[in-house]
Amino acid sequence: MIETNISRVIIEQYVKRLTEHLNSDVVIVGAGPAGLAAGYYLAKAGTKTTIIEKKLSIGGGIWGGAAGYNVVTFEDKDILDEIGVTTKKQGRLYVADAIEFATALAYQAKKAGAEVFNLMEVEDIVLKKETVKGVVVNSSSVRAINLHVDPFCICAKFVVDATGHPAELVSMLKRRKPDLFPKELQEYFMNVEISEAGVVEKTSEIFPGLFVAGMAVCDVYNLPRMGPIFGGMLKSGKKVAELINEKL
Amino acid sequence: MIETNISRVIIEQYVKRLTEHLNSDVVIVGAGPAGLAAGYYLAKAGTKTTIIEKKLSIGGGIWGGAAGYNVVTFEDKDILDEIGVTTKKQGRLYVADAIEFATALAYQAKKAGAEVFNLMEVEDIVLKKETVKGVVVNSSSVRAINLHVDPFCICAKFVVDATGHPAELVSMLKRRKPDLFPKELQEYFMNVEISEAGVVEKTSEIFPGLFVAGMAVCDVYNLPRMGPIFGGMLKSGKKVAELINEKL
Amino acid sequence: MIETNISRVIIEQYVKRLTEHLNSDVVIVGAGPAGLAAGYYLAKAGTKTTIIEKKLSIGGGIWGGAAGYNVVTFEDKDILDEIGVTTKKQGRLYVADAIEFATALAYQAKKAGAEVFNLMEVEDIVLKKETVKGVVVNSSSVRAINLHVDPFCICAKFVVDATGHPAELVSMLKRRKPDLFPKELQEYFMNVEISEAGVVEKTSEIFPGLFVAGMAVCDVYNLPRMGPIFGGMLKSGKKVAELINEKL
Amino acid sequence: MIETNISRVIIEQYVKRLTEHLNSDVVIVGAGPAGLAAGYYLAKAGTKTTIIEKKLSIGGGIWGGAAGYNVVTFEDKDILDEIGVTTKKQGRLYVADAIEFATALAYQAKKAGAEVFNLMEVEDIVLKKETVKGVVVNSSSVRAINLHVDPFCICAKFVVDATGHPAELVSMLKRRKPDLFPKELQEYFMNVEISEAGVVEKTSEIFPGLFVAGMAVCDVYNLPRMGPIFGGMLKSGKKVAELINEKL
Amino acid sequence: MIETNISRVIIEQYVKRLTEHLNSDVVIVGAGPAGLAAGYYLAKAGTKTTIIEKKLSIGGGIWGGAAGYNVVTFEDKDILDEIGVTTKKQGRLYVADAIEFATALAYQAKKAGAEVFNLMEVEDIVLKKETVKGVVVNSSSVRAINLHVDPFCICAKFVVDATGHPAELVSMLKRRKPDLFPKELQEYFMNVEISEAGVVEKTSEIFPGLFVAGMAVCDVYNLPRMGPIFGGMLKSGKKVAELINEKL
Amino acid sequence: MIETNISRVIIEQYVKRLTEHLNSDVVIVGAGPAGLAAGYYLAKAGTKTTIIEKKLSIGGGIWGGAAGYNVVTFEDKDILDEIGVTTKKQGRLYVADAIEFATALAYQAKKAGAEVFNLMEVEDIVLKKETVKGVVVNSSSVRAINLHVDPFCICAKFVVDATGHPAELVSMLKRRKPDLFPKELQEYFMNVEISEAGVVEKTSEIFPGLFVAGMAVCDVYNLPRMGPIFGGMLKSGKKVAELINEKL
Amino acid sequence: MIETNISRVIIEQYVKRLTEHLNSDVVIVGAGPAGLAAGYYLAKAGTKTTIIEKKLSIGGGIWGGAAGYNVVTFEDKDILDEIGVTTKKQGRLYVADAIEFATALAYQAKKAGAEVFNLMEVEDIVLKKETVKGVVVNSSSVRAINLHVDPFCICAKFVVDATGHPAELVSMLKRRKPDLFPKELQEYFMNVEISEAGVVEKTSEIFPGLFVAGMAVCDVYNLPRMGPIFGGMLKSGKKVAELINEKL
Amino acid sequence: MIETNISRVIIEQYVKRLTEHLNSDVVIVGAGPAGLAAGYYLAKAGTKTTIIEKKLSIGGGIWGGAAGYNVVTFEDKDILDEIGVTTKKQGRLYVADAIEFATALAYQAKKAGAEVFNLMEVEDIVLKKETVKGVVVNSSSVRAINLHVDPFCICAKFVVDATGHPAELVSMLKRRKPDLFPKELQEYFMNVEISEAGVVEKTSEIFPGLFVAGMAVCDVYNLPRMGPIFGGMLKSGKKVAELINEKL
């Protein structure tokens, strides 16, 4: 019957994609602006890239602009031009529509070849010989209702923590390896005016195999949260892609 | 200071867009597949189109494919080609990635000129001289926490109910105008194999000024819910755009 | 890596089983005592049987006995002997341990060849030419957190509503086909002493393609709810299996 | 249409007020008794004053008097006379109606020129060159439903933490600057009889650019919580206004 | 001790006010714009007036303006001038600050002599000889946590249902006296442009002893909900006061 | 060990009491004022009486007096004298402490020999030959967390619905036997002044084997809810005991 | 009218009792077994005693016996005889009905003259010259729904923390006075067999003006939680009464 | 009547089993894979074994396989053969159906003589002379709704913590005996490839009388969480049984 044909095609196609990506070059956790930008630049360079997102939709904090005023601003527009987002100059700033920005970025990452799995949540990291080798994942809906179900693993040469403010992967590592994280990380403090630059500067491989990008950087280095700094997010994502592509 | 400049630009830009669209040609309620397709084809034809979405992200039921297997299938691929979605033939069906489909559709609607306001919820319809003339809207986050706050109005020549299975606007009208809705609507029943065709066939102006499209059609005519029939959603959205463009 | 090998084997094995059962002889909805007994007797006769359960664990109302006193009673013990449950005579009754009964029944159904998919929920029925032809299913965890995700279909020659007191499938049908259900169903009333017999007597094909068994029978015919009558549940499950096996 | 005219006027008027206050002389966080009193005395002196309140209504803990007995008491009545609240002498105390007190105070603050934005919540402070320069705000309803949306900034020469017992702004600063807050703050302890005096005495600029007033003072200095001491709240608000007005 | 003196004065003062108002001329249920305006005009005329409010703060839907843009508009400004609210002309409309409007209205009602009891909820009406003679009230916080606690009574010559959209008192009466409410009430429908006029026109004594005012009128007569029509609310409140004052 | 000795004694003693009462003369559902009074007078006359209460503590609506003012009033004091409650004359009324009243009543019922099982909830009634013969009960905590667990039965010659306003047992019967309940029950309406008398007058055997007492009477006959009328509750409980004792 | 007479009498009577007890000899916080026993023995000795209970009903953990088996055991029965509880000898233990025990104890405490205020919660302690002088209380229902309402004070010569396992008052003191509580308190550990004796032994004045009794003792001294040791609770309550009566 | 006969038989049978097991050789807390395997091997050796499970159903994390793909894998199949689970070789791994595995394991444990009490939760441990001697248990449904009810005790020569990731019993002990647990436990870290071996290796008597098995081992020794390693769980359960059987 047509109904079961549709069902079969969907299930088989999904599982094919999923099993093919159980071993990837890079796993990016979090499909917000930094994660999607990283995915775009990695996939564009031919890197086998898997993006994991715990929510149903992707885009993270982009959709609501600032406080629900769904507009986003940037200090320059090179990346936006590249991914096809219309901008308008307002004084020193470029403005764009938040929804156009979110969808264009995800669409281009996907078109470039990054594979996105939504409704999937990271529970732990795979760590071998003091190197991060992958992530332990589960169904986020199963976890949301507190069912006791075991996870599975997705392995990769490199893992990117683009989980935003909680910096979830770094936290998992820190709980286990507190000595690896110097105390002064917690005390770093900067002028909010240079937040955007700070996010990019601190985007790096924080532990063998584990990179941190986007708002997760702010969390790790205690950079203050300010308004929508999506320019910094994009550049951080691009930088992490460049750092990884060099190492591959 | 830069911080307040960013804030000012965002707020002013948003409000400019919002106040410009308080009077539109068409207001589409619901940014799922049918609403976005309608928005795309309306805007493409030069119609001033406003899309209202109660959630933070757009895309409705697209993101999860079927039961979270995030793949979508179609019986033909003309519209997908038009909006730039990669498809693959599997037997009689075309498959595509759900995330690519969701973002491409929203992106193209936005690019064509449709304006999307998310986090906004319809509370009532504006009805004058037995004709729907607009919608009464409120902040969906304010409503979600049960605060007592009054709404405002967005008016339009035509309103499209693309709210999916609840068919919210039709329901609001029905409560007030029970006699206008013939009983047999409730009893219409069809073979699920032709659901997709049924959705398109029944896409229409159900009341002066009010069109119904997408899954809301299924709700109104009691068509059975089956698996992901996004082809029908796209065609229903396209049809509603054509019907409205003819009338303008 | 071993981790991804384990993941791959599990996912592929599951999907193989699932896609093989998208077309079954019988789909039983609900893995409580009646559903499992039906599954056991159907599979034992070589019928291709799929059991769908919305919870994570199977067994329905068996585990808690009466009010949490996890003991179950029966008026005779033939089926219990067959599935390997130890019983003890107490006056006219046979008592057994609720946990032993739940696990033995599910284990035997599985061993006989019935395939069980848990965490899966029925949203609608597939109805063609006035005959039930399958069920529309979704992830129950996705539904539990109110995510908007489309379902898929599992088709079968016969569907069994063993969903217990809500009689979910019959309700879905009734909403659409109110005229098919004679009013007096609602008024049927019986002495609780013969509840057990009544459940079995009324186990039947209630609509072309749709059988009802177990507590769902009580719900449909308004039989009173009394204490744990698992004997009636088992016999109802066995009867539905016999009725279906005859028709195949 | 009249409906959209009303909508336009409201939205434009609000946004004009909001954008004009993105740079203020003083931002007061919390529209309880101390925050409103501070706003009243600041605005009366011609200071450009913005009050931010996370709830829908203002007044904080005034409305319920003590344990819902909506009466308030004061040791003297100078400020009450000034803002037009009727008092009655009872022994050494003056009593007033809680609702009259709440509305009179807010009304006078507003009349004096203080601008109040409700449904707005502070997420972080703006800190430059070791000085507090403003606050990072968001929609409190958006935050209440855990949506991931970025904030915006309101800057000011001085910020007043009048958030009541949680002392939210001081806490944000403390997490980042633990060394600045001497340990003995935590151990300060006083006789409850002089709580009211203590609140006023400790009202001060606790960090460059950040003042603390009202119950937030109790929280910072660990003053015991006692019954309704609205006299102390008013005087603390008045004192903070005087301290700031001197510095401007 | 001073602490217990404060406690004693507050409790005794509250109870004095409460017991004095157990028999009032008028009980108004709901301290929103219509209820407060009614209270203001009733008390100003010397009528013994009790206002009951279930929330902690008063003002109902005023505080949030439209969708949180905390600005309100009016078609004329006579009442606003009378209660001391600053307005600004914008085209045909007068705009005012929502917070100033809410606090000025409540403050004036209180000053005029209306007594407000907040945190108090109506459970039932007192009905004698087919006339409403008072209300049965309870602590709204006790009810909010579903505690089983009995109510008490506040009696009055007239009761005003100013409970807003739910029209709670009218509903209680309707459940008991369905025949008294003609069916066509449900079908009344009007052009939204004249909503404001409709609210005032239909403000009346709907049942011996029971008046309905404000948004409750919309609910009873099924007038459509539109944006903030606080002008109509004020006039409805004023009209109900005039109707009652005439009868006293 | 002493620990297990204590455990054993408690469990065995409880189960002895429970199994001895599985067949009672009377089962009273609800341990509020009417249920406890009925239990007291039944047990005092030597009737084997079982009281079932779904909450952990007994007393129903007594504890909070009116709106939390924990005082109760009565028009006469005969029963109160009998059960040892101190009263004080205030005008025409007798006042007593709510906590003293609740505990004295329960204590005397218990002393007289009524057996109380708390944390137990009625799910259904046992009905044989058109006569109520008992109740189907379950653990109320198991039900509160929506676990699927079967109930057990407690049988009796007579059952008393003393469940208060929901009149739970009558409702269960009504759903099954709608024709037995004349429509005019719903329309009965009385002056609140005679509520107390009405409750007692309508206390009766509403269906063979099923008596209704206390607030459940108000619910069945639609008597208005007024303040604390515990005198009526006591008399209703006493009357139901007398009616039953006569029939035994 | 009779309705308002009843209301007036109840409110006035309650408030009279409350204001008379704003200054007491002893305030006991918690109306569980230890608090009620303390109240009984204090009041019996003529001490002016106020018991504060946050729940609606009193009795604390008595009602459910052990795990819901509502039976309680004791090693001796002197106090039970004194308060009129029927016991039965089972081996070395005396068993009693939990509901009889709860109601008898509260009834006798009340009869002896202890005043109980339920629905009242302690927020803080009143501390003067390093001595506990009373408690800061609020409506527990107001607090349960997180309303921002100030508390009031009840003062006393001595305060008893009988709040059970959380030992709420001691905790409030500890947060403020950490140095007063020796660390080894936390490490004290005893054989569960002598728990009952330990509770009594450690019942004492833990800080000037503050006594601790009942399960709160276990919390403070980290005694293990075991099954129902109501004998220890009663003796602890009696001991605290004796210690206080000696000091008065 | 038959209904009460059934009720009586069930209650008496349950209580007989429960009181017989208040003193056991071994109490296993947690009926997941390790707990059930331990129970199977202990009971098979004739040891009197009690398994306590807080949920309604047993099986712990088995039912959902990995992320809901209900398939389980093992590195060898000896134990599976022994308990009658069908396996299939896939590369180096054996796969089995999760539901078959869960039910077979529980069924065999029960058949071997282990007694399972579900809906029962451990609150504390019984500790005498520095040795764990049993557990303090309560109804898990009573606890789930935060009722204040005391627990009872089940004593045993040995207790097994098989509570999975929280390692609940070890945590209770650690809070009381922090010095007994060397700090380096927290820092132990291993290669995930040998997780399975690690679980078995660290299965041991961690404190006199207290054994730890299964995922609780991972929690105590901070072994990383990886995908479903049910082979390790079974072996850990078997090992704990062997260790205990040797000591008996």
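Brief remarks on what is shown
Per-chain numbering from 1; labels A, B, C, D, E, F, G and H assigned in written order.
The working rule: a residue touches a chain if its C-beta (ideal position, glycine included) is under 8 Å from a C-beta of that chain, and two chains touch if they have at least 3 such contacts.
Small disclaimer: the values here were computed from a predicted structure and weren't measured.
Following the contact convention of this document, C, G is the list of chains adjacent to both chain F and chain H.
Repeating the F-H interface with over half of its contact pairs identical by residue number, the matching pair from E-G, C-F or A-H is E-G. The copies chain G and chain H differ by a rotation of 90 degrees on their C-alpha atoms, rounded to the nearest 5. Farthest from chain C, judged by the mean position of CA atoms in each chain, is D.
Residue numbering shows that chain D and chain G use the same positions for less than half of their mutual interface.
The interface with the greater number of C-beta contacts, when E-G is set against B-E, is E-G.
A separation of 52 Å divides the Cα centre of chain B from that of chain H. We define each chain's centre as the mean of its Cα atoms; on that basis chain C and chain H are separated by 29 Å. Note on chain placement: the centre of chain D and the centre of chain H lie 54 Å apart, centres being C-alpha means. Shown for chain A are the residues in touch with two or more other chains, namely 1, 3, 6-7, 10-11, 15, 56, 63-66, 68-69, 119, 126, 139, 141-142, 147-149, 152-153, 192-193, 226-228.
Of all possible chain pairs, the ones that touch are A-B, A-C, A-D, A-H, B-C, B-D, B-E, C-F, C-H, D-E, D-G, E-F, E-G, F-G, F-H, G-H.
Within the complex, the chain A residues that touch chain B are 1-3, 5-7, 9-11, 13-15, 17, 56-59, 63-66, 68-73, 84, 86, 88, 90-93, 95, 97, 99-100, 102-104, 106-107, 110-111, 116-119, 139, 141, 192-193, 226-228. Only residues 1, 3-4, 6-8, 10-12, 15, 18-19, 22-23, 56, 119, 126, 133-134, 139, 141-142, 144-145, 147-149, 152-155 of chain B touch chain D when the two sit together in their complex.
Chain E contributes residues 60-61, 63-69, 164, 189, 191-193, 222, 224-228 to its touches with chain B in the complex.
Of all the residues in chain E, the ones that touch chain F in their complex are 123-129, 136-139, 142, 147-153, 176-177.
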